[in-house]
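Handing you this structure, nothing more for now.
Letters are used for the chains, namely A, B and C, taken in the order the chains are written, and counting of residues starts over at 1 for each.
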Amino acid sequence: MTSRVLGIASLVLMVFALYMALIYAPQEAQQGTPYRIIYFHVPMGILSFVSAYLLGFAGIMFLIKRDLKWDRLAIGAAELGVLCTACSLITGSIWAKPIWGVWWAWDARITLQLLLGLFFIAYFMLRAYLPDREKRAKLAAVFGVLGMIDVPFNYYSIEWWATQHPQPVLRGGGSIDPDMRLALYVSALALTVTCAYLLTRRLAIARVEEEVEYLEHLVHAHE
Amino acid sequence: MHAGDSPALESEDIRKTFGHFTALAGVTLTFQPSEFVALFGRNGAGKTTFLKIAATLMRATHGRLRIGGTDIREEPEAVRRQIGFLSHNTYLYRDLNPVENLRFFARLYGVADAETRISALLSRVGLKRRMNDPVRSFSRGLNQRLGIARVMLHDPSLILLDEPYTGLDANAVEMLNAMLDEAVGAGKTIVLTTHDIEQGLRAATRAAIIDRGRIVFDGSSRGAPVRDAYNEYVRMGVPQ
Amino acid sequence: MKPLSAIVFKDIVIELRNKETISSMLMFGLLVLVVFNFAFQPTGAERALIAPGILWVAFTFAGILGLNRSLSIELDNDCLQGLLLAPLDRGSLYLGKVASNFIFMMIAEVMILPIFVLFYNLRFDLQFLQIAGLSFLGTFAFAAVGTILSTISANTRMKEVMLPILLIPLTLPVILASVMATSAVLSGETEGISSWLYLLGGFSIVYLVASYLVFEFVVEE
C-alpha cells in the first residue's frame, strides 16, 4: 500500500521535477545548459550519504534485535548507495567534461563520492564471501556500522586535503538564485521519494527471496 | 561458589538453528555435581553443538543455560572460569612448546602457582620428555594429551570433552580415565561425547542419547538399554 | 590488564621463535620503497614531494601483511576459539590483539624508516623523530581498525584477499592524514599539521571504542 502510494507520488514528482529543472529554472549565466544536471547530481550525492547512514542504522538495529528484517533493510540501503553513488559520479563526469574539459578530476567531493562507492562495493564483496546466512547478516552489520562511522572522517580528511591542493573548480560559495533553489528542492524531494519507493520494492523482493530459499530447503529436506 | 546447592549444568529448551537447519530442537537437561555423563548420538546429531553452546563459544538461538547457577548470557566471564572444554581441535599454538602453551593459558585464567601445576600436569599426561619441542612436531595423540592438560589446567568444575579418546593409545586412555575418575571424586562434573560406547559407559553415572537435536534417551540405567537404543539410532545412518 | 599482556607476550614469544612476521613485513616494505623509486624515478625536488606517499604505502602494505600473519596464527588449530574460552570479555581480547598488532607494525616501521631516510636522501635529525612520532599515531589508528576487520575477513572464504578490500576504503582518512602530516614535517611547514594529528587521534579513539563494543558479534558463532 505504502509502496503503491510512493510509486505514484514519485512518478508525479519526477515529472514535476523535470519541468522545474529543465524549463522553470533560469539559465545559469556562465555554464549555460550543462548546469541543469546539478538538479539531479546534487540530490544523488546527498542520498548516497543518507544510504550510508541508513546502512549503519540498519546494522545497529540488527545487532540489537537480531531480526533478519533489519538485514534486508541493510541490503536495500547498500544497493541504493551503489545506485546513488554511481548516478552522482556519472552525472558529475558528464557535467565536468564541458565545464572543466575533463571527465574526471580529483576534486574533494568527487573523491569522497568515489570512496563511498568503494565502501558499498566492499560491503557487497564481504557479503558474497560469507556463506552462512546469519553470519553474513551479522558481519555485514558490523562492517556497515564501521563504515558509517568512517563517513565524517572521510569527509573532513578529504576537505582538508583538497584545500591544500590546487582546485580545478571555482567553489560556489555565493548565493544561489531563488528559482534555482526551488528547482533543486523539488528534484531533491522527487528523487528522495523515488529512492524510498525503490527501497520498499527491494524489501518486498528480499522477503520473497527468503521465502523461496526456505521452500527450497523444505523441498531438499523431503527428497 | 555454592556448587553444593545449584546444579552443575542446567539447560532449558536450548535450540540452535543454522539458517533453516535445526541442529538442536530444544534440549532440556540438568546435571548435578559429581555426575559423569556420557552423551551419545550418531554423526550430526548435535553433540558438538550442545557442548559448544554450554562452553559459551556458540550462541543458542533460543533457551537458557545456567552453569553452577550462573546464566551464561549474563555473566559469561564467571562461567568460563568454571569450564574446561576439549573440542575436536586442541586450540594449541603450533609454534610454542607445551610449557609455553600452558603458561599462556595459565596467565589467561590467572592460575596460581602456575609453574608447579604445569610441570605436574605435563608429567601426568606423559609429555615431560617432549616439553621443549614445539607443538607442530607433535603427533595426533601427543596433541590430544596436551589438549587434556590444557583443559585441566585451571581446575574447572565442569569438564566438557568432545570425543576425547581420538588418537589416544591404550596408555593415554588409561591416564585420561584415571584423571576423570579423580575429578568426579573431587566433586567435578563431566560431560563427554564419544562413539565408543564401551569406553563411554565405563565410568558414566548417567547416559544420554541425542538424535536430530533432541534428547531421546536419558537415564542412569546405563547397561543394555543404552547400548540397544544407541545401536538402533546409529544403524539408521546420518539424517538428511 | 593481565590477560592483555599475556596475549601480547604470547605473540612476541611466537615471533622470537619463528621470526616470520617482522621479517616479511620488513622485506615487503623495503620492496615497496624500491619499486616506487623505479616507477617514478624521482629527481631532487620531486622526491621530497612523493616520498611521504611512498612511505605510507610501504607502511600500509607491510601492516596488512602483519595483520594477516597475526590472524593466521590464531586460526591455526582454531586457537582463537581457545582464547574465546578464557575468562576475559571479548572487548579485552580485541584490545590485546590491537596492542600486539600495533607493536609488530611499529617494530617493522622503525626498521623501514631509516632505510627510507637513506633512500630518499633525507636527514637524520629532528625530522626523523617527528616522522617516527607521526607513525606512532597513524599506526595506532591503522591497528585499531585493522584488527577488527582482519577478524571479520577471517570468517570469509578468501581471508587474506578480503582484508585489504575491507580495510583500505575505511582507512583512507588515516593514510591521507599521515601522508599530509609527513609532508608537512618534511617541508618544514608545520602550521596545519595539528588538524591532521587531531584527526588521527579522534579516529583511533572512535574506532577503538566502537570495535570494543562490537567485537563480540564478530567472534561469536
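The criterion applied here is as follows: a contact is a pair of C-beta atoms (placed from the backbone, for glycine too) under 8 Å apart; a residue touches a chain by one contact, two chains touch by 3 or more.
As the structure is a prediction and not an experimental result, all values here were calculated from the model.
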Query: Does the chain-touch network form a line, ring, star, complete graph or other?
result: complete
Innermost chain by mean C-alpha position: C
Statement: The pair out of A-B and A-C sharing more C-beta contacts is A-C
Query: If you average the CA atoms of chain B and of chain C, how far apart do the two points sit, in angstrom?
result: 39
Field: CA centroid of chain A to CA centroid of chain B, Å
entry: 50
- prompt: Approximately how many whole Å separate the CA-defined centres of chain A and chain C?
  reply: 31
- prompt: Which positions in chain C touch two or more other chains at once?
  reply: 221
Contact set on chain C toward chain B in their complex: 2-3, 5-7, 9-10, 13-14, 17-18, 73, 76-79, 81-89, 220-221
Task: Give every residue of chain A touching chain B within the complex, in rising order.
output: 132-134, 213-214, 217-218, 221, 223
- prompt: What does chain A use to touch chain C in their complex?
  reply: 63, 115, 118-119, 122, 125-126, 129-131, 135, 138-139, 141-143, 145-147, 149-150, 153-154, 156-158, 160-161, 164
Message: With touch defined as at the start, can you tell me which chain B residues reach chain C in the complex?
response: 52, 55-59, 76-78, 80-81, 83, 85, 87, 89-96, 100, 104-105, 107-110, 134, 150
- prompt: What does chain C use to touch chain A in their complex?
  reply: 145, 148-149, 152-153, 155-158, 162, 165-166, 168-170, 172-173, 176-177, 180, 192, 195-196, 199, 202-203, 206-207, 210-211, 214, 217-218, 221
